[in-house]
Structures are given as C-alpha cells and as structure tokens.
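Look for chain A in each of the two complexes below; its partner is chain B in the first and chain C in the second.
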Partner chain A sequence: MSDRYIARSSAIAARMLGGEMMIMSSVDSTFYTLNEVATVIWQAADGRTPLSEIVSALVSQFEVEPEVALRDAQQFVDDLSPHGILLVSDHPIADSSPRSAETA
Partner chain B sequence: MSLVQEMNERAIELGVPLSVHLDVTYRCNERCVHCYLDHDDHGEMTTQEIKQVLDQLAEAGTFFLTLSGGEVLMRRDFFEILEYARSLRFNVRIKTNGVMIRKAEARRMVNLGVEQVQISIYSHRPDVHDAITKLPGSLKRSLEAIRFLQSQGLKVVIANVLMTANRQDHAGVQALARELGASYTLDPTITPKMDGDTSILGLRISGSDLHAVLRNPDLVGNVEEFCAPPPPPGDDIMDGYPCSAGHTAAYISPYGDVFPCVQFPLPTGNVRKQKFKEIWQDSPALHELRSIRARDLPVCSTCSHVGTCTRCPGLAYMEGNMRGPSTADCEQSFQRTGIPSANMLRKARTNASGPLIQIQAAAAI
Partner chain C sequence: MSENHEIAVEIGGLPILLRTQDGSFRDMLADRYAGFVGSPSRPRFEFDVDLVAPSEPPQSESENDLRVELQNGTWRLQRGDFNAHWNPEAGRGRVRQSPNPYSIDSVLRIVHTLILAKEGGFLLHAASVVRNGRAFLFSGVSGAGKTTISRLAPPDVTLLTDEISYVRRASGVYRACGTPFAGELHRVGENCSAPLGALFFLTKASENRIDSIDPPQAMHLLLRNILFFAEDAELVKMLFGSACDFVENVPVRRLNFTPDSRVWELIQ
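Moving on to the complex of A and B:
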C-alpha cells in the first residue's frame, strides 16, 4: 500500500463545481462526481506522491482515524482505476496532467 | 435525476457557465446554402487571445467546451488551441465538416482526448449533399473523415440539418450513420442569418414534411408519446426558465462577442474589452434574460404547449422579442400534436378581424 502511486488519466475532463469534482471520461463519456474527501485524493493524484502520504494528508485534513482514511483511499482507487480514469502503479507515474486548472 | 442533471441544477444555483460554445472562426471551405454566417474574417481573435479566453472560462467553471465555426480547421493554430483547451481539462466536443480531417488529424484528436466530433451530412447522395455545401466531392471527404475518426475510436455524431433540398433524405443519412457506427441527430431548424437577414428561411421544410418527420418512429421513438397533447402546466413549468442559454450556457464568437447562445445574438459584452466572468456576472442583458420565467411570456404563458414546446428564446429574439413566441417552434408544436399554438390562434383572429368597410381618401387613389 505505502509503495503505490496514483495519477489522473489524460483522457478525462475535470472541473470543480461547488466543492465537488466533476469528471468525464472521453473514452466512454461516463460522468463521475467526487465528494470532498475523494476530491482531495484526486487532486493529490499526481503520480509522484505515494498513496500513504495522501492518506496521511486525509488524516490531518479531515481529522479521521488512519484506518478510515486508508479505507477511503483504497475504495477510491478500487472504484476509479477499473474505468481507466485513474492510473495505479508501484512506481512513480509520469505526469499526465499538464496544468491543474480543474482546481479552479 | 441523473448526475449530469444534478450538476446542471447546481450550476444554475451557483451561476456557473457550465457549457460554452466557442466559434474559433467563421471562415469555411464550404458555402452551405442555409448557413447563417458571414465567412469573411473581420478580425478573429489571435491564438493568444483565445488561450486567454480559455483560461478565463476554466476559472469561471466551464466544463463542456464546444469548438466550432465556420470550419475549425481553417485555423492553422486549431490544434494548438485544442491542445491548450485539453490541458485545461475541458470536456471538448468539435463541430466540423470533416473535409480536412485525414488519419493524422483524427489520431491527434483522439490523443488529445476529444470526447466527440460532430460532422454535418445533408444527404447520402453526393449530388444532393454537394449541392448544399457547394463544394464538389465534399460528401466523399466528410465520410472518409468519419471513417478515420471511427477507426481511431472517436465518437462521431452525424448532424443532419433538414431543408427543402434534402427533405426526403433523412432515412438515407440515418442508414449511413448506422453503417458507419455513428450517432445520428436530425435538426429541421433553419435560422436567420446573424445579421438578421431572413431570406434563407425559405429553405425550411413545409408543414406537411415537418409533420411526417415528427411522426416518424425511426426519428422520434414512441410517436404516441412524442405527439401526445400537452398536459396542463403546473407551477414548476410556469416558474421555470425557457432554456439553458445565459443560465448555464454561453456562446463566444471569433471576434470575442459573448451571446447567450449561438442562436441568440443578444449582445452582452466582448472578451476583448472585459473579462468573461465580468460579462457573465454583470451584463444587464444577461440579468434581464435570467429574470424571465415562463409565466412572464405574454403569449406563450397562455399557450397549452408552454410546458412541452421547444420554444427557442433566441429565435424569438430574432423575430423581435425574446419574450415572444418563436414561430418555427409554434409550427413544430402544432405539427407534432395537431393543436395550434396560442400565437397561431392569435394571428388567425387578427387576420379574421379586418375592418368591415375600408375607406381611402380620393386624393390617394
């Protein structure tokens, strides 16, 4: 777990709307919305930050127990990676998001 | 309610321009007989200006971006614009005639994560299609483009605008779409030119042709349901707004003019003079538009079709009053259900109530 890295696919569109992230896959036009916790994980999914570090950030930002944050992060990865919009690897992943305007 | 509908509701509450249609040029390599544009270049935005507009749209929260024209590929910097738009994570859809799309362009669009490409096809018969576009060989080129795009895995929508010249050909185009694996959409609306010239409205299909189209199960699905008389409108309808134009949608011309919709030339501002967000938030014209509810429409609020009509406020505006009826939509509602609109009844009454005796002064004879 601590050695895993996650990165946003380049084949998606994404934008913040009222504190939640909207994502659409350009491959199959599937539309997703992420809640506040999932949005934080998404924004941290830069391919360079280990998942364990993202979990630690969740613990401090949302004041949750580490096992709760770990479970949320795990579920996030399990839910999104099969759709190809989130890349997962045991090694750092090259940046697939040239700019981060989605955070606007 | 679907996720996308929920997102739209939230965008309305937050005042976010979720969808923007940006025409990057009005220049075109076709000269379609029904086109509403002036194809001369009167000073298009530069690459840099367009990038700045895209930055502003991303900041304003725009998610769906339609790049259109004119023909988008008439701009040599089109792929630079597209690449920039995708780097800002817009969901990008492209409208094109496809004539300039070969394998390399198709591959580039796929690699840049374009969600969908819409290509106009008027007929399955080259002579009919090419006579409408006035570009010999254009059907062949457009169909090749669709095949290139489909082979790269990109979703293609064939848009079939219906007019007098191709009124019999929708079944052929629909069959072509099926054969190519593309989606199909039909539009029987011919709009006035952007300068107000209505001469091209003569190309609209007749009422009887429209009637046949609206009662064709291959085009509308369940005819009984589609053509059912409208139910009485409730408060939700009367307090509703006519369409997304100016509420969650905007249009930007190649010259930077901002309108509520491509079909709604209500001046609201220009991004060369003001930030997009300032126009979106502060334009008095947009404020006025957003204040209009169905119950504020003097004629349409009394119409039995008010809850089901496709009334386009932009077409109404081009007829002289954005609170008025759009006669093209009155006609559609009538041909769909057989029930005349309030506007049609009003006109019939006016025509039947002429003076009993007309007197003209002898000097004028």
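Moving on to the complex of A and C:
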C-alpha cells in the first residue's frame, strides 16, 4: 500500500493554549481542540513526512502498539480532512492551500 | 436641495457620523443613543443614511439572512431590512433602510465588530459593569441570566450594558466600554470604560459560587458568544488570535448564581 502525506491547511488558525492545541477553520469558523496524540500528528503534518513515519513517532513517544497508533492517525485524518483543514495526498504536498491536494 | 441632519454616535471612543435628510429620523437617533452622542466635527467614519419606504416582509428566511462581505476594499452589508456599503479606507459609507432604529443599530454593531477585529477586540453577548474601578463581563446565551444579574446589581455598580459588551485592547490592556445596545432591561449603558477584571460565564444554580474554567473550555464558550458576521477568512483568523490572547490575559470563570443580590458579594 502506498504511503500518504498530510498537511495542515493554510485556511486555519491554530494556537497552543493551556497545553492543548486549538484549531479554527477560517472558512466556516468550526473550532476543534486536539488531544495530546492528535497534537503530535497535527504538528508533524508538514506535507513532506509520510503518515507511516508519523505513526512510528507515535509508537515511540506514547509507547503504544503500532496498530493502535495507525488507527489513531487514520481516525484523526478521517475526522479532519472532510472539513478541509487537513490535506491528504498520495504525494508530498508543497502548497497547503485547501485546493492543492485531494481532501480525502 | 434638502437639508442634511447629522449626528455622531460615539461608542468605544469611536465617533461615527450618521447623515440623513430626515430631521425626525435624526431626532429619533438622538433619543435612542442619548449619552453616546459625540461631536460631529471629528468623526472617524461617516455614513449617509438614505431612508426609503418600508418594504414588504421577506418572503423567505434566506431573504432575511445577513451577508457581510468584503469586495474590492468595500464592505457590503445586506439583510432584508437594510443594504449598506462601507469603505474603511475612504472613511465613508452609505446605508439604505426604512426609517426604523433597528436597522441602523445592526449596521453600527456590524461596523464595530469589523473595526474591533483588527484591533484585538470584539463585541460579546454579555452584560458588563464597572465596580471599584474594574470592569466585569457576564456572558451567556439568552436566558443565562445577563439581565437578571444586571437587575440585581447594587447601587455602587455602573452598568455598561445588559446585552452587548464592547471589549477593546489598547497597549496590551483590555477595557470594557459602555454601549447603547440594551437588552431586556431597556436601559442604555453608561458611556464610560474600565480595565477588565474578569469574564464570567453565567450558570443558574442553587448556590453562589465561582468555578475555574480551563483554557479550552474558556475558548469554546468565548467563541460561541462573540458577535461576528463577516465572511472573511483573514478576519476570522484575527478574531481567533484575539480570543486566544484574551483567554491568556483575562481571568475567565464560571459564575454559578441564585437570583438574589448576594451574588454580588463575589464580584469585587
């Protein structure tokens, strides 16, 4: 199975507050608070790091089984990408504007 | 040529000149905004108000929907009962509405939200008061108790508003300013301001108690109660940043209260 790449959309505002990552879509003003695992994925979503590499980082950082980390990462991507705030592609993503990649 | 009648409505220290050719409309505004009428000689922005005959009520919900969009440097404000445009660079705008106070009131609120968004402030669904030189905000949806807590305020408390609070940030200090935007109390606030002491989110309870709120919860509640109407991605980002800054700098608490005046013993 080919790897996937994820990137934070430029159409969002984000800030770490009280130890939690907060994100707001500037398109529809929806607001999200990320838990610790999701924050690590979010911060690693630079469009160049393969999702598999991000999952490996979760395994070592949170001492979880690879399948658990993979499930968490996929859930995160599935939750955020439909709203256009996380971009997903089969190829590295250079531009993080909402239309630059398939938003699975 | 018809005579112009002018009035400067000054909210948050920002005078906005309204110009109409209808003297009775001007007088109605003077009455509605009593206490917030400034000198018309130094307005920051000017609006010509064109009065038209009242139109038929909108046929559908969508006709009454508010739209606030920026097009080539000019804000377009549209709702069933008014049509307005405003160019901040030129400092001028025009409003087309029937001779009623509610449409111009809405236009003023929208214009202030746009101005404040660029300056780190916002309008908030909240009552606000000044006590002992500090301002306190009491926020919540309709029915949360904004009017009730305002009505229970002791004599040493100055009411800024029982409905729409005006929060400005200047030199890193947050201040709450009085507004003429009244709620169920039907009482215009005092035209004064004070540094912010705290923001309370109201919850009716069987005892009076202040609880802490963690920053994510504070953000959720704050964003839910900020008034903002523009469909503009950059301003939304600015507003998000302003809300984060606010939560980092101003104590945000939950105020559980019973509807009697003893709750004010907690607000000092």
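Some notes on this structure:
FYI, the second predicted complex is superposed on the first by the 92 of 104 C-alpha atoms of A that agree within 3 Å, B and C clash if a C-alpha of one lies under 4 Å from a C-alpha of the other, contacts with A are read in each partner's own complex, and residues count from 1 in each chain.
By our rule, a contact is a pair of C-beta atoms (placed from the backbone, for glycine too) under 8 Å apart; a residue touches a chain by one contact, two chains touch by 3 or more.
Small disclaimer: the values here were computed from a predicted structure and weren't measured.
By the touch criterion stated above, A:L17 is placed in contact with chain B and with chain C alike. Of the two partners chain B and chain C, more chain A residues are in touch with B.
When the two complexes are overlaid on their common chain A, residue A:A94 makes contact with neither chain B nor chain C. When the two complexes are superposed on chain A, the residues of chain A that touch both chain B and chain C are 11, 13, 15, 17-18, 22, 24, 26-27, 29, 31, 33. Those residues of chain A that touch chain B in the shared complex are 10-18, 22, 24, 26-27, 29, 31-33, 97-99, 101-102, 104.
Of all the residues in chain C, the ones that touch chain A in their complex are 214-216, 219-220, 223, 228, 233-234, 236-237, 240-241, 244, 247-248.
The touching residues of chain B, when paired with chain A in their complex, are 3-4, 6-7, 10-11, 13-14, 16, 18, 55, 58-63, 87-92, 113-116, 153, 155.
On chain A, the positions that touch chain C within their shared complex are 11, 13, 15, 17-18, 20, 22, 24, 26-27, 29, 31, 33.
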